[in-house]
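Sharing a structure below in structure tokens format, with a few things to ask.
Letters A, B, C and D mark the chains as written, and numbering starts fresh at 1 in each.
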Amino acid sequence: MLVVMQHGAAAHEVDRVVQTIVEMGYEARPMPGAQRTAIGLVGNDGRVDSSRIEALPGVARVIHVTQPYKQVSREWRPENTVVTIAPGVSVGGESVLVIGGPCSVESERQIIDAAHIVKEAGGNALRGGAFKPRSSPYSFQGLGKPGLEFLARARAETGLPIVTEAMDPEGARIVAEYADCIQIGARNMQNYSLLKEVGRIGKPVLLKRGMAATINELLLSAEYILAEGNDSVILCERGVRSFDPAARNMFDLTAIPIVHRLSHLPIIADPSHGTGLRDKVIPMARAAVAAGADGVLVEMHPEPDRALSDGAQSLYPDQFTQLVQELRAVAAAIGRDIPAPAGNGVAARG
Amino acid sequence: MLVVMQHGAAAHEVDRVVQTIVEMGYEARPMPGAQRTAIGLVGNDGRVDSSRIEALPGVARVIHVTQPYKQVSREWRPENTVVTIAPGVSVGGESVLVIGGPCSVESERQIIDAAHIVKEAGGNALRGGAFKPRSSPYSFQGLGKPGLEFLARARAETGLPIVTEAMDPEGARIVAEYADCIQIGARNMQNYSLLKEVGRIGKPVLLKRGMAATINELLLSAEYILAEGNDSVILCERGVRSFDPAARNMFDLTAIPIVHRLSHLPIIADPSHGTGLRDKVIPMARAAVAAGADGVLVEMHPEPDRALSDGAQSLYPDQFTQLVQELRAVAAAIGRDIPAPAGNGVAARG
Amino acid sequence: MLVVMQHGAAAHEVDRVVQTIVEMGYEARPMPGAQRTAIGLVGNDGRVDSSRIEALPGVARVIHVTQPYKQVSREWRPENTVVTIAPGVSVGGESVLVIGGPCSVESERQIIDAAHIVKEAGGNALRGGAFKPRSSPYSFQGLGKPGLEFLARARAETGLPIVTEAMDPEGARIVAEYADCIQIGARNMQNYSLLKEVGRIGKPVLLKRGMAATINELLLSAEYILAEGNDSVILCERGVRSFDPAARNMFDLTAIPIVHRLSHLPIIADPSHGTGLRDKVIPMARAAVAAGADGVLVEMHPEPDRALSDGAQSLYPDQFTQLVQELRAVAAAIGRDIPAPAGNGVAARG
Amino acid sequence: MLVVMQHGAAAHEVDRVVQTIVEMGYEARPMPGAQRTAIGLVGNDGRVDSSRIEALPGVARVIHVTQPYKQVSREWRPENTVVTIAPGVSVGGESVLVIGGPCSVESERQIIDAAHIVKEAGGNALRGGAFKPRSSPYSFQGLGKPGLEFLARARAETGLPIVTEAMDPEGARIVAEYADCIQIGARNMQNYSLLKEVGRIGKPVLLKRGMAATINELLLSAEYILAEGNDSVILCERGVRSFDPAARNMFDLTAIPIVHRLSHLPIIADPSHGTGLRDKVIPMARAAVAAGADGVLVEMHPEPDRALSDGAQSLYPDQFTQLVQELRAVAAAIGRDIPAPAGNGVAARG
């Protein structure tokens, strides 16, 4: 439930609404705005009787949020949320962001090379995993903390902000020391202890849809993060399980306009996992942008044939350049753009 | 298996290959070309021993088709098939076709109005069902033959070719008397008696993917039509079953680049059934074109709120106009175009 | 809607209800019973205003059927329907029926051998396809009419009734000349022309659930048959599409108690297609009976390793014997039984 | 890879194999047995060249495990693993275990009442969640540590061992202080940090299949636990996502014989989550036992209509009694039994 105060409502009127909500056994979240103040009521699992609050002085109206999620809903906040992951690098506005890089950080050389390729091609941020959730305990599990340090050096060299994954609450605190944006992978979409932790940390979060999560569940998982006070959440469609082995996953691009209608949060698309097939990544990235995605997350490896993970779906460097060019044309066709990479003035490649 | 003859192979050499194939117990399909003749071998369920054929005079090489489908595969025919459904209205070339119209033909007035709206908006063909497969025996089942006559009048007035569905072999013969392109619906994708019949009829066929059909099965169903000698087949992605009730179906746009790689047949997309949600049709039609679709099939009703079927996913007339405009921009961004409607010189709207 | 007449209502009162229903634009189906007469109203796609009918003399009460299907619902008929496919061979009562035999009829010798094996093991009916729907046009498509004749000879030798598939309306009429029960396969569950035809033919129908059909859709397809006046319909769970390649299909045994609650029709289970794995057939047949299935349909081939189709999921003859023994024990544990094969006095095996 | 030593191989021969494996860069796991010693090689992601090891003295043979999982495979250990969760309470032998109790621990009274009902009905262990993963952050999240204390009192009163869920590594250490068996829920099946932690803790683990996990992935997740040295793992089928809203999940009972063939680990079934429908729990529990399940996990609440979670799928107390009776009959039909509850001599109720 959302209580919208009248324009010019007095502070003591706001306080009284907050106090009443607390007396009713719920939690109150005052949200002061330029035009008016709103107060969110959270903690309810069903409909709240609002008659007592509607009668309070200064209250303009009460909005009953009809979805099981509250703070992520468009009813709660009608305008788009723009998440800034670094100065000049934002997701959710007019621009479409391109985030590229390898599945895993494999070495300092590899990730710095990747960062330069991404930047020169016109990409806006660097991805790369230091902690890797793998189906088999015997597969490469990532470099861990040294991988984070390599990512930081790649950022220092290119100015590209870093997106990298955390797998548990303790790891999230370590990742947060290095990353500009903490990724929560598909397997952890309903790892609520982790969601709460990244909610408390407060850094931007990239939340990937689970393997067979409904859109409703994706938004509820985002709600866990917002409920901790962190509304810098970027959602990500990355394909879901299906019966057809023709592709690794079924890339559900309809999720993009559906999320845009239900929520104010930005949503990007990952055509690399969404298809699992290198030669399908560019057409499906184009499709994602045409469907309205606020960005794409694409695997690119300096040498895909030597990749320790996901080589078969990673673009070659020249394909990444082609990707950015094609996305620019599609973005322009729907009145959007891909911004030039931020981070000018950083050390030149040596 | 495909036997490619040498450039300038003599007719009697071709005949001898044909004869040998028949002696081996298979069926031979000679395909004369400008540069060379090829002879297809069909009827095998596995690998054929080709040594006897390779040794025949005039044979350049033998191609073993590795897929379970043969004639629909790219290995069999490397260049794109262009299906012409009416003079100047083709699918599978550089242009992207827009096919619009109501789910069902409900009256002469309704379908003629719809045809004018489609044409004025820049659409290229008219859809509308006279025979409707419905889950419930008590739902509106279509007008039947009178519906076909109304479609024919709409074509006479606007010049737009007609795409309409057939549900059984007998109905296919009736539909073929009126339609420019016979649609096989999702529920009938594996109705082999019907597939064989439209194969024999020889008119262009629009084959929709089944509710939970793999891409492999879609191509095998197309093979049934080509195996009868009809290669004017247009495939159609229309969404598949999924666990997420957020949309009516899961629109599998990755099927488009996958089919383009595996087969020479054109593939279009139906965002109306693919999403089941009116406000998702335009963004997902854009996505389909960006993914490389050779056309879109979109439900538009002059008065969706009064539609006897599929009203909730049918565009309003002005949305259809917007659709064509937006698709033109996306098509241009990837180097394609939407052609102006054919059928000039037809009777003006009265 | 169902109009229940008072005990002892007069014939002219029944007639008046029928007439009123017709005047209202619907179809009336009088169903005289031992205790009372009921009149079904069909042809409506939503709720009917029943006030006019409730006020007629002799009417006891009006039941609004809340499901989209009518005549297949438990609301329409509370007691179980028992379908008799041959004298002494019924599905839907206390007994659990075992139907066995090969996927395809391959020769007279093969099907007669199979019939003897089924009978000696204690099976109650013989299955075997003469018309086979196959994904590829180049796979074995069945022997056609000669296959039906071989089935008839197997019946003459063993007394076992025959269940065999029809693929189109014309074929259904041919199959009906030979079969005791006409099977509609999964691919044709929504082939409405075929459903209407077997509804008109009036012989018992075995309707298999489609590859990705909901239970609701299965019941609606059955409604097509009942709507033509044929209520001898046996439903069949045979596994649905899933994301897990561990089995050929996902065998949805929960469908059994769900159907039993929603409908009065019997439901059997096909563990051969439901799993696609020979060594899973026996445990899953046991599970089906424990879940309440009214029968099982199991593939058994005299020589599975030489089968032209479905060899990998067909039981060996001695496994079929073991199957019947294990099912007897499970049936007894839940208070049911597997009847001895009918057809005594037939010609001895020679 | 598994190195099997000759009968009577000397200790220094075993040591040399271990040393060689370590030199090759892998990890060695000696497993002394009554008849012979085997040494597992883990840490490889593909096939290992075994020639060097095969040539060592005392080596009988080398088994290449063909599955991506190693220690959970039948190739690694041919005989069934029996997991003992309390004295006299084991899973994986001839007996079928019945674990019952509410979804959540709601109060001391509720869980003690539930424990008495379970025991009197003949159940073998008590389930109940103190930490509850819920889709919404505003839903009841469990009582936390006090819930664990209430469970411990219920155990003290009835002697029933306790199965309860852990959601993160830190929580697992707390749960392990109270529980006899630590449950990993479906949402956490691929929470690898948690799997490693319960592997290190060493207590029995009940690992539920993920919402859309393949059986292969379930076994790989179990491998994470065994790889840490804990082989007391009980797998649990609890239904997976499907397209059909007729039930909450699709209960994949074929997983039971599939797991039994691929792995030596026991597998139980949860018909409460598997169906989500109270009146389907008993028939599907029967089906699970008939399919070979080593136990069932069933939700029962003293007052389901007042349950804070999962009330609609919880059995009433008298239904739980009926469940155990019916399962006894089905277990007997396949040569198994349900043991009498352990824990005699504990304090009487009241």
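Note that in this section a contact is a pair of C-beta atoms (placed from the backbone, for glycine too) under 8 Å apart; a residue touches a chain by one contact, two chains touch by 3 or more.
Fair warning: this is a prediction, and the values are worked out from it, not measured in the lab.
K.L.:
Looking at the contacts, which chains touch chain C and chain D alike?
P.N.:
The common neighbours are A, B.
K.L.:
Between chain B and chain A, is it the same set of residue numbers doing the touching on each side, over half shared, or a different set?
P.N.:
same
K.L.:
Roughly how far is chain A from chain D, going centre to centre by Cα mean, in whole Å?
P.N.:
From the centre of chain A to the centre of chain D is 35 Å.
K.L.:
So what's the Cα centroid distance for chain B and chain D, whole Å?
P.N.:
Averaging C-alpha atoms per chain gives centres 50 Å apart.
K.L.:
In whole angstrom, how far does the Cα centroid of chain A sit from the Cα centroid of chain B?
P.N.:
Each chain reduced to its C-alpha mean, chain A and chain B end up 38 Å apart.
K.L.:
Among the residues of chain B, which ones contact at least 2 other chains?
P.N.:
As it turns out, chain B has residues touching two or more other chains at 212, 240-243, 245.
K.L.:
Can you tell me which positions in chain C touch chain D when the two form their complex?
P.N.:
Going by the criterion above, the answer is residues 212, 214-216, 240, 242-247, 250-258, 261, 274-275, 277, 279-280, 283-284, 286-292, 326, 329-330, 332-334.
K.L.:
Residues of chain A touching chain C in their complex?
P.N.:
212, 241-243, 245
K.L.:
Which residues, counting only chain A, touch chain D once they are in their complex?
P.N.:
It comes out as residues 42-45, 68-70, 133-140, 167-171, 187-188, 190-194, 210-213, 217, 220-221, 223-224, 227, 240-241.
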